[in-house]
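Per-chain residue numbering starts at 1, and chain names A, B, C, D and E are given in the order in which the chains are listed.
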Amino acid sequence: MNDAALALSTFAYGPQTLAAALGAPLVLMLACASARLRRFGPAYLVVAPLFALAACVLASDSGPLVLDQMIYPIVLVLDPPGALLLGVTSLLWLAAGIFAASSMRDETESGAFVAFWLATLVGNIGVFMAADVASFYLFFALVSLPAYGLIVAQARMADSAGGLYVSVALLGEAFLILAFALLASATPDHSLLISDGVDALPASPWRDATIGLLIAGFGTKIGLLPLHVWMPSTYRAAPVAAAAVLSGGAVNAGVIGLVRFFPWGHAVPVWGEALVVLGMSAAFYGVAIGLTQRNPKTMLAYSSISQMGLVAATLGAGLVAGNKGAAAGAALYAAHHGLAKGGLFLAVGVLSGCGTLRMRRLTPFVGLLALSLAGLPFSGGVIAKLAIKQPLGDGLLGALSTLSAIATTLLMLHFLRRVAALAEPRVSNPGWALITPMFAMIAASIMAPTAYYFAIENHRLVSLDAALFWESLWPILVGALIAAAARRWLERLPALPEGDVGAFAARPFGLFARGGAAADRGEIILRRWPVAAGALMVVAIMISGMGVLKP
Amino acid sequence: MTLSFGFDLSLAVLTLAVAGYAIGARESFASVVAFISYGVLLALVWVRLSAVDVALTEAAIGSGVTGALLIGAAAKVGEGAVDAPRSVRGAGRLLTALFCIATTLGIATAFLSLPEKAPTLAPLAAEHLPSTGLGNPVTAVLLSYRAIDTLLESVVLVFAVVGVWTFASDRDWGGRPESPGKDRPEQPLTFLGQILPPLGILVGVHLVWTGATEPGGAFQGGTVLAAAWILVMAAGLRKPPSIEGAWLRFALIGGPALFLGVGVAGFALAKAFLAYPEGHSKAFILVIEAALTFSIAIALGLLALGAPGRKGHP
Amino acid sequence: MIASTLSQLSMRAEDALLPVAIALPVGAMLLALCLGGRWTERIAVAFMPIGVSIAGAVAYVVWRDQRPLVYFIGGWAPPLGVAIRADGVAAAMLLTSALIASAAGLFACDVFRVKPGEKENRAHLGFWTLLLAIWAALNCVFVGWDLFSIYVGLEMLTFAAVPLVCLKGQKETFVAAMRYLLFALLGSVLYLLGATLVYAAYGSLDIGILAQKIQPEAAAWIALGAMTAGLLAKTALFPLHIWLPPAHAGAAPPASAILSALVVKGSFFVVVRLWLTLAPVQMSEAPAELLAILGSVAIFAGSVLALRQERLKLMIAYSTVAQIGYLFLMFPLAIGQHPWASAAWSGGALQAISHAFAKAAMFLSAGLIVDVVGHDRLSGLRGLGRLAPQPVLIFALAGMSLMGLPPSGGFNAKWLLMSASVQSGHWALALVMAVGGLLTAAYLYRVIAPALAPAENAPAESASTPTPKASSRGAALSLALALAAILLGFAPPELASLLAVGAPAATIERIE
Amino acid sequence: MNAVTLAGLAGAALIGMGLFGLVTHSHILRKIVAFNVIGSGVFLLFGAVARRGAASGLNADPVPQALVITGIVVAFSATALAVALLLRYFKEVGSPFLADDPGAGASQPDHERP
Amino acid sequence: MTLAIDAFTILCVCGGLFFFLTGAIALLRFPDTLTRLHALTKADSLGLGLIVLGLLPQCDGFLAAAKLILIWAIAQLGGATLSQLIARIAAIENSKP
């Protein structure tokens, strides 16, 4: 297995495949502009991610692709965590593409949806390759803003969810552009390469501000605690396929951002601890609120918040100790989470269309996928938990990590019960075109992390080791026990509003409206001629008067 | 010395008083009339500042044609509704007064703080005067040293005419501007309309011709010709021209177009845009001034007449 | 003494491009007015390629020789004669105004048309002659190097722009035009007052000579104060913006595109000339901070007011007020010989250029949307994406550049200005830019979101009454403008080196 | 205190008076008159500067005088444009006063879909 | 000899000024337009005539003198036409009830 991957990676045309991976969805998106080509839209969804899949295998850590005909040179390079996340994400996009293509055949107005889908795909692929700040910001914007088109595609009342999503995404963009400006300004020759920026970061005069802004900017993407308000409403409003790619793929853009932009060789204890605290609290907060929800998609959203909290905690721990291993571990964990979460969203799509008979046959597989999030042995989950065990260490963080496994099991079982409740006797069951992507995801979530963990990390085949087996099994059993015992108590939990804290975020808008009204009154006063002419004279006097201040 | 300063002081005080009345008068018609007399007084002040060219321009354009325009507007627009807010009252007025006084004091201090030995371009202008072949330095500056400003200024007049015409309503397009006079002008007006214009044309041409050596020039001459033309139309002897007339359009742009043509020819003839060939500059300048005068007269006349009125005005 | 040193400057053949850039549009305008009727349109359209190629040639020569073009009109050297000069930014602005004027002009071929029966009509003649007039005026202002000829250029700009506002002849456009004219006249009289005092104190009106002679004394302060206030009134910077929204919203789409994209840039460019080329550094520090403060207030006020508007074109007009605020953020950053000054200078220029393209595209696409939907109420735009997909796409592309999202020119400009403000320690400006981008996104979201949302009414409604198709030529033109704003994001390094030519920070001795 | 400084101060005073008139009057014709008074004040200032610059045989600096002539013509075309606009404004609005707020925003009225 | 000319000039100009003064006072004191018009035209034309007469010997050369007289002639022509027009309008105003 090793030498095959090695042979492939010295493939001569590595950089060109990177360009192909980006170019394919871009060309297909532009093709949507003409009405004639738009009819093949659904087919594009399937074809586009294939190139990226090939690229992640062929081009991993081969020479960078440099396009320097612009004002700023665009540099694309694929390093190991980037290749892993790219492979996993494009796999998810492929499966979701098949799911979306088949479920969309009947809709006529699919042109815009396909265009937004491909735009988000371009962003999602590019964000893993970008090695310079300008193109990273471009792909990051591409992965977050066109997604708005996916969210509001079907649901009538999706506007408020879309609005919240866009405003938080734009807030993230604002944080990031400030952070990148600080990063680039700290480098001696204002170079835009991320590597130079990160090397100069520890010594930069604005180090804390930069790291803080980076955490805030990428935090909006991975749903770090105060900035998670958009996730529940967005994933519930978006169509299933879109929710799958957003929760599984787009979130990884935040993870790769943190992985790329943190100065791993240099310990930054202050921000590290903050990240750990935020991460861990998100891990448990997500599950706590998730249990009170009714809609399965919202529960999955809260599970994402919780899992991403764990990833953030791993990265935080890595930042405190300054060890690079945390980045690789977090990337692997996020990769597995992407596959599992995407699969679960597809499962929700499939199961909500199933009859009771078909439901009973599919539920065990979905259960397997759900519990893999909690680290079920023989699944990808155990590998993911193993990857983050070393950075978290065995102390408090290790215990919290196993506790979160129990909590996740609790949430997943509650989710399975909710999904099962969806089924009603129905004559038509979803066709194979919908079910195969789900099964592909289940298979991938098992095989891919294992293959990666052993092929690249070249550890010995240990999954059959008894201690590890037991170590990952008991949290799930305990979780199952609690779920069974507290079943009735869980049912009666009050249903919190969807965005929990988000619902109260609407209050400042009132303030904003009042500010707007005041601006209106000010404008009416300013519009009167004497006031405007007076303002003109005041400006003239102010500027000429400046001479008096310093002769 | 004190006598001439005394005259200047009284002239200045009188001018400021009339200007104050023009600003502060109750009715707008009185304000316009005061403005016209202010313009004439200002022409006197310009003569005292030994700027006769400017005095001519101020009297002709500043108070003459502008005055005619404003009186026509004041007659048509009137005072407006009695109860309407005439001007800012109370605190606003006081505050504005304060700002204006501050502005005046600022400008006065700036003026008084100017260097004793005033920096001037007069020696340079005088030194190059012979090469332009002109006697009057102001005309030399207008048509040779800073020829681009004069060219653009005559083009600005054409812009203004186009702008005024676009304010007409669509159905009036192609018609004639309203005649400044009444339909059946009184007998003495027609008498004046027959006597004065020939004299006006004579004076106008003379002004342009002497402009090369004595104070005068295209703009002043053009204004006198325009005044003569307006008087003829007011006296009902001629109808205002239809704005679609090809001749009118050609006359309007003739002056600036010729000026531009000579300027571009300057590339070949005199190695620079708007330069005149050695030795012939006076001839070229006079040709340009003649064409400019005619176009300026047409332009000022059209601006005084305003936007075209009803189509097929009898 | 000064005159002699200047006249040795060899006037190369390429320098003749500058007077041609002024003479040709003036000549075309006079010819168009003289022939009238359909000829005005033919002459204007025939002039467009020539105008663009001249502007392109100027830009090419300036870039090739890395030296500004200087030309003495009539062969007279500056203190006595008038010099015109095009440095990098001026050449770029010339090219921008040439391209946008041509695009808006071609867009107007469908809007202002001579009906078959009549020989000539008011709006048609008016638009085409005024378009050429604005083009000539902009060329005069951008290459002006003498304070008084810049004054005449600004007056030409105002006299050509005001009738453009009320070309359609509705009541409220006349009110807007009257306010605009009175405010612009007050501005130009203040500018003239400043020019008078500068001449009184230093005996010349040439910017190059003045730059060497000007000292921070009473006359200079009051002169520059009056001139700047006058120019701010014509640029409609925040407290002095009252005339802009009704004027730009009321005009016809091609007219408001030209007004918003180009006319306000003319007077802004002169403010840049005053404070970054003319005034010495120790004099321009404090006023530059004031301009940046006014700019920041303009960004917030303009954006909040844009959020409050109920009509699409008024919202875009208030967006212009906000984006003008952005232009003034460059002043404190581009002063002096600091390392970040040239980045701020090209950032400011790029911001002006990309805003021009984006705003022109936005107004034109708004015109197309109004043609299709029949009204410009923001509340009625739901489901527009289906009715008029192309204008919505163009609007979104232009919006991207205004927001400063990559890969647009707006992002490049924002990036340059932001890194300059970070390096120079102007933290507030960096914050203002970031929040400004958010606010811009907020008021553009009010248009793009309902347009993308699926329309409630059943598609049957659109089948019965055949909705008017947005004119394909108009859509193509506005798309070209929007793409230009986006492609500025990928601008080649040559553009950066062009903009740096003649930048104050780059040149050591100020005269050249 | 000679005739020239007197003219300069008179110019400054005219500018102040004109500004006051331009700002306080809401009757547009009064504003146009006030604008002309400011213009003549600025030109008077320029004339005084010209007179101060008398040298080498000329009793005044010709350059500012030429600029003043150009300025007067430009000011006249501004006044002509303003008066023409005022007349059309008066025909449309019905009152010669500058309306304080230009209605609910001047923009595209609803015309029926063709 | 020059003394006599100067004395003549001063005398005539003062006479002219006196008539202008009376014209101005008449303008302020007389009740209605017609009488004011009457006073003004009489006093001003006479006043201007006297001033021009007084200045004639001062000007150098026949051309300047001819110009002075031309100015006087135009002023008379203008004044006469104007007073006719104003009188006509005043007559219409008075005839209305």
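Quick note on the criterion: a contact is a pair of C-beta atoms (placed from the backbone, for glycine too) under 8 Å apart; a residue touches a chain by one contact, two chains touch by 3 or more.
In this text the structure is predicted, and so the values were computed from the model without any measurement.
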- Message: Using the contact definition given at the top, which chains are in touch with both chain A and chain B?
- Response: C, D
- Which number of steps is the smallest that gets you from chain A over to chain D via touching chains? 1
- Select the chain whose centre, defined as the mean of its C-alpha atoms, is least distant from the mean of all protein C-alpha atoms. C
- Message: Can you tell me which chain lies farthest from chain A, using the average of the Cα atoms as each chain's centre?
- Response: E
- Out of every possible chain pairing, name the one holding the most C-beta contact pairs. B-D
- Compare the CA centroid of chain C with every other chain's and tell me the farthest one. E
- Inter-chain centre distance, chain D versus chain E - centres from mean C-alpha coordinates, in Å: 33
- Message: Taking the mean of the C-alpha atoms as each chain's centre, how many Å separate chain A from chain C?
- Response: 41
- Item | Distance between the centres, which are taken as Cα means, of chain D and chain C, whole angstrom | 25
- Give the residues of chain C that touch two or more other chains, as numbers and ranges in rising order. 80, 148, 152, 155, 159, 162-163, 166, 179, 182, 186, 193, 197, 200, 203, 217-218, 222
- Residues of chain D that touch at least two other chains are 15, 19, 22-24, 26, 28, 45, 49, 52-53, 63, 67, 70, 74, 77-78, 81, 85-86, 88, 98, 102
- Message: Could you pull out the residues of chain B that touch at least 2 other chains?
- Response: 88, 92, 96, 99-100, 103, 106-107, 111, 114, 118-121, 125, 145-146, 149, 153, 156, 159-160, 163, 167-169
- Item | All pairs of touching chains, each written as two labels joined by a dash | A-B, A-C, A-D, B-C, B-D, B-E, C-D
- Item | chain B-facing residues of chain C, complex | 3, 11, 16, 19-20, 22-23, 26-27, 29-31, 33-36, 71-76, 79-82, 84, 119-123, 125-126, 129-130, 133, 136, 140, 148-149, 152-153, 155-156, 159-160, 162-163, 166-167, 169, 193, 197, 200-204, 217-219, 222-223
- In the complex of these two chains, what residues of chain E are touching chain B? 74, 77-78, 80-81, 84-85, 88
- Message: For the complex, give me every residue of chain C touching chain A.
- Response: 179, 182-183, 186-187, 190, 216-218, 220-222, 224-226, 228-230, 232-233, 239-240, 242, 286-287, 290, 294, 301, 304-305, 307-308, 385-386, 389, 404-407, 411-412, 414-415, 418-419, 422-423, 430-431, 434-435, 437-438, 441-442, 445, 449, 452-454, 456, 490-493, 495-496
- Note on the structure: In the complex, chain A touches chain D at residues 524, 527-530, 533-534, 537
- Task: Flag every residue of chain B that touches chain A in the complex, lowest number first.
- Result: 88, 92, 95-96, 99-100, 102-103, 106
